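So that you can tell them apart, the chains are marked A, B, C and D in the order they are listed, and the count of residues begins at 1 in each.
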Amino acid sequence: MSVNQEWTPNIVAFCCNWCSYAGADLAGSGRMNYPANVKIIRIPCSCRLNPLFVLRAFQRGADGVILCGCHPGDCHYSTGNYYARRRMTMLFSMLDYLGIERGRTRVEWVSAAEGAKFAATMNDFVKTITDLGENKKLEDLRCKK
Amino acid sequence: MKKLSLNALNRFFGEIAEKQTLIAPIERAGQVDFGVWSESETVRLDVLKTVKSAKGAFFPQVEDMVRFHMQGKNIEINPSEVMNEDFVIFGVRACDARSFDLLDRVFLSDPVDPFYAARRAHGTVVTLACNEPEETCFCSNFGIDAAEPAGDVSAWIVGEELYLRANTEKGETLIKDLEDAAEDAAEETKKAIRAVTEQLPFASLNLEGFDGEHLMEKFNDPAWAELSRACLGCGTCTFVCPTCQCYDVRDFDSGNGIQRYRCWDSCMFSDFTLMAHGTNRPTQVERFRQRFMHKLVYFPSNNDGLYSCVGCGRCLSKCPQGLNIVKVIKALGGDK
Amino acid sequence: MQDNIIPMLGVVTAIRTDTPDIKTFRVEAVGGGKCFEHMPGQCAMLSIPGVGEAMFSITSSPTVKDYQEFSIKKCGCVTEWLHQMEVDQQITIRGPYGKPFPVDDELLGKDLLFIAGGVGLAPLHSVINYVLDNREKYGKVDIVYGSRSKEDLLDLPEIESSWMDPKSEMNVHLTIDRPQDNWDGHVAFVPTYVKELEFTPDRTVLVCGPPIMIKFVLQALTELGFEKTQIYTTMELRMKCGVGKCGRCNIGDKYVCKDGPVFRFDELGELPAEY
Amino acid sequence: MQEMIKERVLTLINEGAADRVLAWETGEFFYDRTPKFFDKNNVNDLKYDSFCGANVTKYLIAEMPKEGKTIVLVKPCDSYSLNQLCTEHRVNREKVYALGVGCRGKIDVEKLRTMGIKGITAITEEGDTLTVSTLYGEKKVARKDALLDKCLCCKGKEHKGVDEVIGDSEETSVGDKFEMVAKLEAMTPDERFEFWRGELSKCIRCNACRNVCPACSCIKCVFDNPKSGVDNKAAADDFEENMFHIIRAYHVAGRCTDCGECSRVCPQGIPLHLLNRKMIKDINELYGDYQAGAEIGQRHPLTDYTLSDDEPSVVHERGGANA
């Protein structure tokens, strides 16, 4: 990903298969706008999100990573998102501790019916990342050559 | 012989750094290691042993070799450039200086390693005598004189003065503008250093039997199993060692081209010899044995009896569990 | 200057499926011709960037002028990738590495006995064809080749049409491990068959196959009166650099990539048995 | 105390209560200690003194398939690791006789070296003072200045879940163990980034931290697995240093007993325990006080949840001044 004058953020959105991915679908079919630089990766459940995935997304040029899953209590597998909640809390805390900008990572609960929330969340997240600027602290220079 | 006041050292460094990269033992985050000098860095010539050895100047931990671009069924090959700028490495100790000779025997033997050769050709080595050897030092066993280090320039700290002697043309060029000094200015210091090295706890290890002729005998010694029992299988000894030179060749897919690079590897790691059908060194006993057999038997057998150890003592102070080459020499050598 | 560790491009111009898990790949330089010259028994590093690099023995004889061939069994990451690629794929190649079989000195004029098991025929294939193309320089030639089943016999069409052709003046003894319907040849493990064939110990032997086969072949040959100095084999260990520097294939004071892969058994006897 | 331990071990072995003992032996210097298994024939070489900083419990994993029972000498801090290993079924408590040994803090020779003391030939302890003899004369050092970092803020001198305790311990903690973590938290993100960049860039990926860690007991580490996409031998980019240490800290989060071995063994002196302690501090603050290894069979906080857990955004919201 070459660096050029008009930098636009790369966003990776990990979406749980059962709620948020359907939510994204709904946003799409409802013609709700959200920026094209959000790349959605579907995962079976929010708790499938291995912290390595988040780091590798940053390595490969992501400027922000967001996890979307079912609302707590609504997990297709009953409790997956409760675990994901604790895990992401710890991961975000660690990133924060290492001095990575807060706001580059986020978790939002988006149900299948919340297309509008999905679009709004993405718009807001893209804005946050645009304000934060390019990810410099967690980049792998080899991927930018 | 030339001389320079230690107070003027930074100015001298500045002059070198104007023309070429200067590598010196500098303190960063509480550790002293060889690193690129700039005015804001703290040089620590009082610290005898950098954590890592000086080998990184010629054989860096990671070195790009080639970058590939794949397009459909086609591949484009772009070899990395070899080092093409001069640099100076300052403050190398006698042991590390010897390690360069040993590395030369590996990398400059046929076929010559282009990356290493280029670094070697562009580097000027300034060595420094060891005023206060440590209890872990045992270089004298390998015929190294801590008071008379090799290199393009040898240097001695005497009081507040640094005395430098050029040994090669490269060295001559580097210090030609310094003030002249008496040839014997460092003699007292050398004597003092030798007096200490003679008294060191490992001043005379018995290396008898470590040669190609006793290869199988040493290899089959039952002592290896017990010696290696506590080994964690980490790479600390290997990575701090000035003579360990095994490397791995790896590919990194960057998303826009594949970077092939080499990096230090350790025979202590379980995947070092791993093949599709398994490994020929399945347990830590064999891996541990390989490292020390290579240093004390295999290498000398191929290199006129030169041991692949320079007695720097880094493994003695850095092994998390107190294993080291001296222990091996004592357990398997002539004093067995 | 960087030739010895920086690879060159090769193109796979033909792929032949020999057995269920062995394919033979023909490699040429871009624009045709061989990538480099080699001698029988030498190896080359083939690589697919991003997947890995591995050492393979060159199967074709140096007397083949236009290309090099590699018979490769599917067993790991790199080989799996090679097996699924298609013709015209570019790969990277560097070599040749290692010491060849002494075809132009010690083996000259000798009566030869080749013993191979499974994909172990690959490195010997090169020597056998070299001998065939310089037939007058060598004495009697016997080839004992065995595999698990008929389907697993490598290069069977070539063996039948070329090596078994009376004009070649070579005796080929094929065997498979277990009886099967469409096989009327010999059934036995290779070491047993070698013993049954009662070779006289005036031969020079070249053997390659799985370690367990080599071990028992060696026993059989010793029983027949052969000396270790008459037997050559070729070895394989994990390799990365190919030039005796990276340390991976080091056994005793030898580096398999540089001092091998061809060893005489008396040389091997002086090395630790770490292979 | 060493003699009492040897005597007790010998009695236990002679009574048939155990077959071997896992302890320390002296190495090439008076100060270096190597973990070692002894039987009744060589138990006389067993060493226990102020230099036995190493935590030996991880060696028990490899002992498990063997016949018989192993006595393991555990300092108070090591006892937590043993319990945690048992909780994770890596060690079978039935096959272990945990012999608690008293501890008054362990001496870190590297620390003496960084004070500029060279050529150490002997150390004598008298109360709170160490007399260090060197090739270049004698030096006096306050004992607490020469202790391992892990001893300066330890979990207390109570052995948890051991079979018996020999010898007395002495409190060595001088401060709050979260002090440094809190100091880092109070920095701005850029200052923190600078701090960690400086520390982590020293990493040479020797894997000593991982291989010594009693919580890192995976048979194959993700960083050794070529199929994980993150395996490597050396950090080819700053990113990889970050990734390795973040993931390692994360993988042991909730299971790390804060034994401090990672920092003790790091040849580059990276304060790795500060990463683990941050996780511990967070767990305590967000999910209630938890000490891994305090007893066998605990459920660790990252394999647990409550319906009312905080949202992940909590870590961005608290301490807002530094956002």
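As a working rule, contacts are C-beta pairs under 8 Å (C-beta built on N, C-alpha and C of every residue); 3 or more make two chains touch, one makes a residue touch a chain.
Predicted, not measured: the structure shown is a model, and the values here were computed from it.
> In terms of Cα-based centroids, which chain occupies the most central position?
Closest to the centre of all protein C-alpha atoms: chain B.
> Which chain's mean C-alpha position is the greatest distance from chain A's?
Ranked by distance of C-alpha centres from chain A, the top chain is C.
> Averaged over CA atoms, how far is the centre of chain A from the centre of chain D? Could you give it in whole Å?
A distance of 35 Å separates the two centres.
> How many angstrom lie between the CA centroids of chain B and chain D, rounded to a whole number?
30
> Just curious, how far off is chain C from chain A if you go by their C-alpha centres, in Å?
53
> Express in whole angstrom the distance between the two chain centres, defined as the mean CA positions of chain B and chain C.
A distance of 39 Å separates the two centres.
> Mind pulling the residue numbers of chain A that touch at least two other chains?
Correct list: 140, 142.
> If a residue has to touch 2 or more other chains to count, which residues of chain D qualify?
236
> Residues of chain B touching 2+ other chains?
Only 248, 252, 259, 265 qualify.
> What chain-chain pairs meet the touch criterion?
Final set of chain pairs in contact is A-B, A-D, B-C, B-D.
> State the interface residues of chain A toward chain D in the complex, per the touch definition above.
51-52, 55-56, 58-59, 72-73, 79, 82-83, 85-103, 105-107, 137-142
> Taking the touch rule as given, give the residues of chain A at its contact with chain B in the complex, in rising order.
1, 60-61, 140, 142-143, 145
> Which positions of chain B touch chain A when the two form their complex?
67, 252, 254-257, 259
> Can you check the complex and tell me which residues of chain D touch chain B?
These residues of chain D touch chain B: 27-29, 32-37, 54, 59, 109-110, 113-114, 116, 118-121, 134-136, 198-199, 201-202, 204-208, 210-212, 224, 232-236, 261, 264-265, 267-270.
> State the interface residues of chain C toward chain B in the complex, per the touch definition above.
1-2, 4-9, 49-53, 75-77, 79, 86, 88-92, 236-238, 240-241, 243-253, 270, 272, 274-275
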